[in-house]
Amino acid sequence: MRWLGLALVVVAAATLMLGVADLPPHGAPDAPVHTHVGARYLERGVAETGMRNLVTAVLLVYRGFDTFLEVVVIFSALVAVVALPRGRAARPDDGDDRPPAASLTAEGPAQQLVSVSPVVAFVVQLLGPFIAVFALASLYRGHVSPGGGFQSAAIFGALFIAIALVQGRERAALLVPRGARVWLQALGPLSFALIGTVGWILTGAFLGYPADAAAYALREAMVVAVEVGIAVGGAVILAQLFMAMEG
Amino acid sequence: MSQLFDALLLLLLISTAITVVRATDLVAAVVKFGLYSLMMCVLWQHRGAPDVAIAEAAVGAGVTSVLFLLTVARTTRVEKP
Amino acid sequence: MTFSWSQAVAWLPVLPLAAAALVPIVAQRNARAAGGFTFVVTLLTAALAVALTIRLVAEGPLTVHLGGWVAPYGIELRFDRLGAWSAPLATFFALVVPFAWRYLEGSVPRERWAAFYALMLLNLGGLIGFSLTVDLFNLFLAMEVVSISSYALVAVAGRGTAAWAALKYLLLGSVSSLLVLFAVALLFALTGSLNLFDVAARLAASEPSPAATLALASLAVAFVVKAALFPLHVWLPDAHAIAPSPVSAVLSGLVVKIGIVGLVRVMQLAGESGIALDVFSELLMLLGAVAIVMGAFLAIFQDDIKLMLAYSTISNIGYIVLGLGLAVPFAVSGALVHVFNHALIKVTLFLAAGSIIHQTGLRTLTDLRGVGRTLPQTCAAMTLGAMAIVGLPPTAGFISKWYIGLGAFSAGRVAYGFALVFGALFVFIYYVRMLNTFYFQRATREEVVAAVEPPWSMRGPVIALAAACLIVGLFGGILLAFITPAVGELLAAMGS
Amino acid sequence: MVLFGVDVDYLAFVVLFCVGLYMLVRKSNLLKKLLGLNVMETAVFAFLVTAGMIEGADPPIRTAGTGPLFANPIPHAMVLTGIVVAVSVTAVALALIVQIHAHYGTIEVDELKGLP
């Protein structure tokens, strides 16, 4: 059995090498990968979408349906984790002598796996507001500079985790009000469905954005709505994933 | 210079990945994996993908590692040989 | 705004996926209401899919370019004769969800119902998206939605054993997903495009390259894992047997079929791009034939009825893969019709088995002796399903297996034809054994003697499905006629 | 840069992928297997990003003072999406592992195989 595994790795390596050896070397501007769809996005993207960051343009406008499925995927992950019973509660006390589970956060029980040094706590508190501003900026400026809804969600999520580690999960949980959670976590898929329908009504194509100059403000509003949906929805989902895993 | 930097980074990435394989302390393995993700994010920044680098830094190195650590905390810390 | 049917195609996956996000909100008030809401959504989706199928027959394929970006610059969904698979998908869900209402009460704690229903809708939406999209990256994402919801559905009833089965499923499933992602990346690096037909056209126009062959091969391997073809079936029996019965029905009848739909996509890619996968399809046929016999053989030794049904799925996947691999009109038509027929039969059998387990609390044949007398209606449905899966003439399974067999003999693959016959023999043995214990043996357990028929929300779907097994069998020609044009196109592209 | 007839970047990708695969198939610890899966995923992402780069090009953000060459935005969008998918699958897997440990008291496959 062990040899089978090793043989698999060797075969995979050999096959991959054969396949990869055949590719054109990376970085050449005239490779087919750069002269087809990507070239068109780079050429006309700014005019067609009004966004200077073409990654955001691809994510939201050209391949918006992919991003819809992406937010659905992370939503399913949350639902899946919530659907599973809590490991700790599954066997309350049936006489097993394992030590009580360790915890990462400050007021967790018994032993702590990683103790948070006061220096780290201080730095997190010091930098917290700046990280939040950075996340907001990456959301707001996502169409002209690196960033966008999802990156902003990721930064907010990471910030939430940092706060929970330093200040304890109870205080961090206040950031995501319990009553609003079911609504906030649904924001991603819902904002897409909603804006997609608005686009359908305005342009005749689902997930379409009005392209004419007159509708500039409207398009801007639609993009912001979707971006905020992704950012808030994603951040709330990441925060809840953390809280669910934390126990 | 740039090519040298790239080659060095790739070598570091591979050696870090190997240390993840070899670590028997799971906390160490996870931390090394976080390091691996961070280096990957430097590589991508260098390759003209700042958007991806931001996401990888926050998700790959940040959230994923923390979720792993939470699991280690609730299961076991030592990998049996 | 002008309404057009092709734009409505976009709503087919979006409706269940967006509704899934609403399920936890509905459930906050009342967990039971979430079940009703989910049922309404599946019903609406089914109605929309049927309406689109009618348009399809009248006017030909419907295509939607999302956001108005014409392929390859945007994502394209196609409701063609293969995409019409989403109509039965939604219909089966609309039958499984009401079955689950009462079933959950005994097996899943109330606070997890919302998650269960949300996962069902996510699964449905993913399955529909997977069968409609012709964009490779979109295909990967739809597959991930299906996969994640399936992993969680296996484990939703609790117990560590379920979690271990789900994790085995997850580890193999993730490797398969990763292979798909890698193949898509490779094809993108070669062509700069993600639209399946555009990729194929650009591959056909360029020099033949081993990288493209590698990409197609890894796609095929990935989908073979998802389809649980022997010997990559190891994850299936545990996962399908441990999951709650409505979930087993969905997983065994519908979710494994994403592997088959994926293989059809690989055939399209190979055909349109002129990349020969001869060695590969020979291997597929061989494995298919082995799966038919092994799946059926292993099923004989199972005492647990759900485990027996799970092994029967492995055998039936063998039929479908063999039919696709033969690449002759009869066999491919038979295989594609069998995708539907097997789904119908397996959903029937798992729901009937679920009813029996729910009413008696027992799940092994040894314990269930004589249950045919106390649960006559449910066991009659089970009998019809068993006849159909054996392939007895007036029922649904007959025509598809017959066509695959015809295809094997007409392609001159007599050995495979005999594999089919042997498989049918084994299948016959284990279902006869099952019916024998149900009807002709004395009950040994009090639970069996005291059992009563399940409530109508469970009995109704089972009886409707069993009736469908018979009706579809009687009018099987319609399905064949429906799918034949698609088979013609597929084989014409492959140049045979 | 080319080594053994293969682009060094792609070579590194193959090595990383195989290190991950090795961890997935040879390690008995479930967490190690999952780490291996993540290493493999990251390797595929690295492959995509590399395939989308152009020597000396700017990031695909068309603001003043950039260009004329830009990296291909599509792989970046794919990788961004892929990262989210990876973390989602990982979260589900970790939740399952916690449950397995609560039930069986171990997360070593070798030991799990022997248990009912």
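Each chain gets a letter, A, B, C and D, in the order it is written, and its residues are counted from 1.
One rule holds for everything that comes next: a contact is a pair of C-beta atoms (placed from the backbone, for glycine too) under 8 Å apart; a residue touches a chain by one contact, two chains touch by 3 or more.
As the structure is a prediction and not an experimental result, all values here were calculated from the model.
**Student:** Using the stated contact rule, I'd like to know whether A-D or C-D comes out ahead in C-beta pair count.
**Tutor:** Of A-D and C-D, it is A-D that has more C-beta pairs in contact.
**Student:** Report, in whole Å, the distance between the mean C-alpha point of chain A and the mean C-alpha point of chain B.
**Tutor:** The computed centroid separation for chain A versus chain B comes out at 18 Å.
**Student:** So the centre of each chain is just the mean of its C-alpha atoms; given that, what is the distance between chain C and chain D in Å?
**Tutor:** Chain centroid spacing, chain C to chain D, equals 29 Å.
**Student:** From the mean C-alpha coordinate of chain B to that of chain C, what's the distance rounded to whole Å?
**Tutor:** Centres of chain B and chain C (C-alpha means) sit 38 Å apart.
**Student:** Taking each residue of chain C in turn, which ones touch at least two of the other chains?
**Tutor:** 137, 141, 144, 148, 151-152, 155, 160, 163, 188-189, 192, 194
**Student:** Two or more other chains in contact with one residue: find those residues in chain A.
**Tutor:** Residues 16, 20, 23, 33-34, 37-38, 41, 53, 55, 63, 66, 70, 73, 76-77, 80-81, 84-85, 87-88, 90, 146, 150-151, 241, 245 of chain A touch two or more partner chains.
**Student:** At which residue positions does chain B touch at least two other chains?
**Tutor:** Within chain B, residues 50-51, 55, 59, 63, 67, 70-72, 74 contact more than one other chain.
**Student:** So which chains actually touch one another? I want all the pairs, not just one.
**Tutor:** Those chain pairs which touch are A-B, A-C, A-D, B-D, C-D.
**Student:** In their complex, what parts of chain A are in touch with chain C?
**Tutor:** For this pair, the touching residues of chain A are 15-16, 18-20, 22-23, 31-41, 61-66, 68-70, 72-73, 75-77, 79-85, 90, 182-183, 185-186, 188-190, 192-193, 196, 199-209.
**Student:** Touching chain A in the complex: which residues of chain D?
**Tutor:** Chain D residues touching chain A: 2, 5-7, 9-11, 13-14, 17-18, 21-22, 25-26, 50-55, 57, 59-63, 69-70, 72-74, 76-77, 80-81, 84-85, 87-89, 91-92, 94-96, 98-99, 101-103, 105.
**Student:** Which residues of chain B touch chain D in their complex?
**Tutor:** These residues of chain B touch chain D: 3, 6-7, 10, 13-14, 17-18, 20-21, 26, 29-30, 33, 36-37, 40, 43-44, 47-52, 55-56, 59-60, 63-64, 67-68, 70-72, 74-76, 79-80.
**Student:** Which bits of chain C are touching chain A when the two form their complex?
**Tutor:** 1-2, 4, 7, 10-11, 14, 17-18, 20-22, 24-25, 28, 64-69, 72-75, 109, 112, 115-116, 118-119, 122, 125-126, 129, 135, 137-138, 141-142, 144-145, 148-149, 151-152, 155-156, 158, 160, 163, 186, 188-194, 202, 206, 209-211, 214-215
**Student:** Mind pulling up the chain C residues that touch chain D in the complex?
**Tutor:** Residue list for chain C touching chain D: 137, 141, 144, 147-148, 151-152, 155, 159-161, 163-164, 166-167, 170-171, 174-175, 177-178, 181-182, 185, 188-189, 192, 194.
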